[in-house]
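Sharing a structure here in structure tokens format.
A, B and C label the chains in the order they appear, each numbered from 1.
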Amino acid sequence: MALIDVKNIVAGYGNAPILKGLDISIKKSDIGVIVGPNGAGKSTALKAIFGLLKTTSGEIIFNGQEIKNSLPDKLVPMGLSFVPQEKNVFTSLSVNENLEMGAFIRKDDFSDTLDEIYEMFPPLKEKRNQHAGELSGGQRQMVAMGRALMSKPSLLMLDEPSAGLSPRYVIEIFEQIKKVNASGVGILMVEQNAKQALAFASKGFVLAQGKNSFTGSGQELLNDEEVAKSFLGG
Amino acid sequence: MSLIVKRAVFLYSALFILIIGVGLVLGAPFTVRLCVEAAAYSLIALGLNIQWGYGGLFNFGLMGFVMVGGFAVTFISTPLNMEFWNSDGPFMLLKVIIAAMFGAALIIGANKLPRFGIRGKAFRAAQIFAWITAYIIYRSQIDPAASYIEKTSTFVGGLGLPVVFGWVFGGFLAALVAYIIGKICLGLRTDYLAIATIGVSEIIRALIKNMDWLTKGTLTVSPIPWPVPKPQDFQAMGVENSLSFILARASFLVLVVLVVLLALYLVQKAYGGAWGRMMRAIRDNHIAASSMGKNVKSRQIEIFVLGAVLMGVGGAILTSFAQIFDPGGYQPINHTFIIWVMVIVGGAGNNYGAVFGGIFIYIIWVMSEPVSQMLFINLSAFSDGFGWGAIPDIESRSLQMRVFVLGLVITLALRYAPKGLIPEVIHQQKDEDKAGIK
Amino acid sequence: MNELIFFFNKVIISGAVLGSIYALGAIGITLIFGILRFAHFAHGDMMTMGAFITFLLAGAATAFGFTAPLPMGFMVLPIAMIIAAIFALGIDKGFYAPLRARGAKPVTLLIASIGVTLMIQGLIRLIFGVKSRSFFVSEPKNIFRIDVPFFGATRPISITEPQILMILVTIITVIALHFFLTKSKFGKAMRAMADNADLAQVSGINTKLVIRVTWIIAGALAAMAGTMLALDVTLKPDLAFNIVLPIFAAAIVGGLGHAWGAIAGGFLVGFAETMAVFNWAILLRPFRENLPLWVPHDLSIVPTEYKLTVAFVILIIVLLIKPTGIFKGAST
């Protein structure tokens, strides 16, 4: 059964819609990757799902429930989590406090989850009382992901997680994403680093001008000549 | 565009009818006086429209400019105080001016030190030293001078020149103050600028109120002469009492209306031309404008100063009309906030809107008192009839109603007509055509 | 030695009292700015309104025959704070929330808050008239005089009961606030929202609830500050109008959005005011015979009439040199 099923959504800011009829479907075991040229509406798709902008038509069904235009404070308890591309940590709060904020909606004792996150991202453990703003780019990305995982989501959405990271951190982040997926969390991410991301994607969505252009497994898309020609570059 | 013009014509006509109505109820002498004051306020509102509507500058200290204008006309047109000129006062003031110039030279000199290679901590220390020294030297001269003048001749008096000179000087002095403030404060972000300007105007108020030797402080200066014959002059010619008031005030009104029309014409002309377009471009997008090479900061100072001129003239007119300069009578509510309500309700960015707002809001402001007095009296009679007793202090309470009404008007305006009753006309179509964009 | 005691009374005690008032007011301003991103000009009038609510409650309590070991105004303060908090919520719901929903700019909200100021001012004057009132009509204001029987001092240190209460209450509030903001989940959520409102929303934090709590705290603290001020001086409608700007100065000096900064800023401005108008020449009096004649008798930095301008000058200096404040607060 699909974890999330986005059907034919039209969404955007103000009068001009950016998404003009988009379909995305992910299962819990999937790592879904959205790629495409700039302006195609990749980030917009994630923001539309998360209720950060208006979806004027279509359906967004998560775990069997229609969630179109619902606000984040309803979606997070339902099991959805989002890591924005920029400004994705609370710079004046400590690493530990950042993670605590991720668990805001939880009413139970979350210290186990906290330990799990520190296991996943060892560098954060020694910096747990430092302000997140003082960390390097790669470590910040870890905090951002950790914060999103604290709510124990069933679907984790990430907007360009490798943006601005050095190659070493890019590999590490992608490894973490694979591990998270292996632990039973569905992944839906937007990536500029198309080739690297599609390499481990179980489902790939190529967007162009607000609509689906190609859809298939990551490997299929990598091998497809047309996809390679139109924008993978070579 | 013609929709807004139609609306403007409608609103101005309605305003005219309102004024006639007020005249019928409260009498002609009162109404003419109301009109003079409203016209002066609309001049001040026009000034704010230039600063905020065109420049996007958040001036919350405009009361300072109005006070400066009031002071200017007082200083120029009050008769000479021979006691002062015959005493040592002028000589002591000369020493003060020299001390101030010396102090200013010290400060400017200190600012130039980096050119001689003195930077960093030493530079800062030198600056602080210059400021402190200048202040001490200035105080050493002004304190004895001030107390001497206050003791011997009360205050410096005026220059005895024609009143209209005083109005012009009001504009000039306000411009000078605006230039200094602008140079210092205009780099700040919008709401910081608001707070800074409030602070500055409070400083100006404290200075004017306490410099008794210059302004007579809370003892007030009066009577300040008129540029046209006064009611008393008409009475001396045999004109009946109430008619003399009407005639005198009406002649004053004519003069003020001329000033307002002149200002309106000049500003409107500038707005329509290249200068106005550039100003609006800067207001709408600082960053883009400065990347195109426009010196944003100097333009902003220009706008600030220009608006201040109108405020100074308006303040001067108000003071000479009232014939009394009372520093204690300036309250931020009456002289700053009310202007903001005028511009926002009237329409920021539209000169006719600002003038309309000026007149309309002033009428509401003044009329709130008698209207609420009537309400209170009726309520009081009602509650008295019920045995609850009359409402005490009706008079002073009705006065306070004005404040409440003002606040109510501005909150309603922000909620339901944020662009004002006569909003800015966006020349988008024309500009785009000129640029050849479809 | 008398001179030193005079200094202590006039500068240290007065400075601490003034600083406490400024600090309590500035905390509200800085929280509202940090979380709601606008300068809440009506805060001064919220303080005045709080004081008047306390006045009404205290009068009612005395009329009903209650007596208390502490000033009645102080005893009814908790209730007044609750009422003031409710008012604050109402004001937000009625005036600011609709503008926020429309995406209004901070400048618009500032103007709206000025409209609210005017309305509250008008209402207070309407209902209560313009006269000054005292909290101490039916009970005395206790003044404590502590004698310092050494070093030849004949002057006592004098401090009034409301002043002691004020300083104590401020200390307790500061400590409570500190624990709330650093140890409680909700306090951290408030800091998170002040840091990055969008991310706070994305994390699932109930931003509407945080905003409500912010107004509750701001309203309650304003009532506390206003009541304390009225207990110390006197109660009149424009009580807090003169205070608005020093409070803003305090909040900006401390870095907007940082509660500790606001507290520090409050005391800084408070002490700066008392020190600036103090005639330092008085401290030189014991040495008068040994000093050259040209040392003036009045060494105050500014004359007393200019006391309020001290805060403004500090404000302008800070805005020009370091707009983000001592503790590096928000500037956008």
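The definition used in the following text is that a residue touches a chain if its C-beta (ideal position, glycine included) is under 8 Å from a C-beta of that chain, and two chains touch if they have at least 3 such contacts.
Since the structure is predicted, the reported quantities are computational estimates derived from the model, not experimental observations.
Relative to the centroid of all protein Cα atoms, the closest per-chain Cα centroid is that of C.
Of all chain pairs, the one linked by the most C-beta contacts is B-C.
Chain centres were defined as the mean of their Cα atoms; on that basis the chain farthest from chain B turns out to be A. Here the CA centre of chain B is 30 Å from the CA centre of chain C.
For the pair chain A and chain B, the distance between C-alpha centroids works out to 56 Å.
Averaged C-alpha coordinates put the centre of chain A at 45 Å from the centre of chain C.
Shown for chain B are the residues that touch two or more other chains, of which there are none.
For chain C in complex with chain B, the residues that touch the partner chain are 38-39, 95, 98-99, 104, 106-108, 110-112, 114-123, 125-126, 129-130, 245, 248-249, 252, 303, 305-306, 308-309, 312-313, 315-316, 319-320, 323, 331-332. For chain A in complex with chain C, the touching residues are 50, 52, 71-73, 75-77, 82, 84, 87-93, 97, 100-102, 104-105, 147-148, 151. Those residues of chain C that touch chain A in the shared complex are 185, 188-189, 191-192, 195-196, 198-207. Those residues of chain B that touch chain C in the complex are listed here as 58, 184-185, 187-192, 194-196, 198-200, 202-203, 206, 209-210, 333, 337, 340, 344, 392-393, 396-397, 400-411, 414-415, 418.
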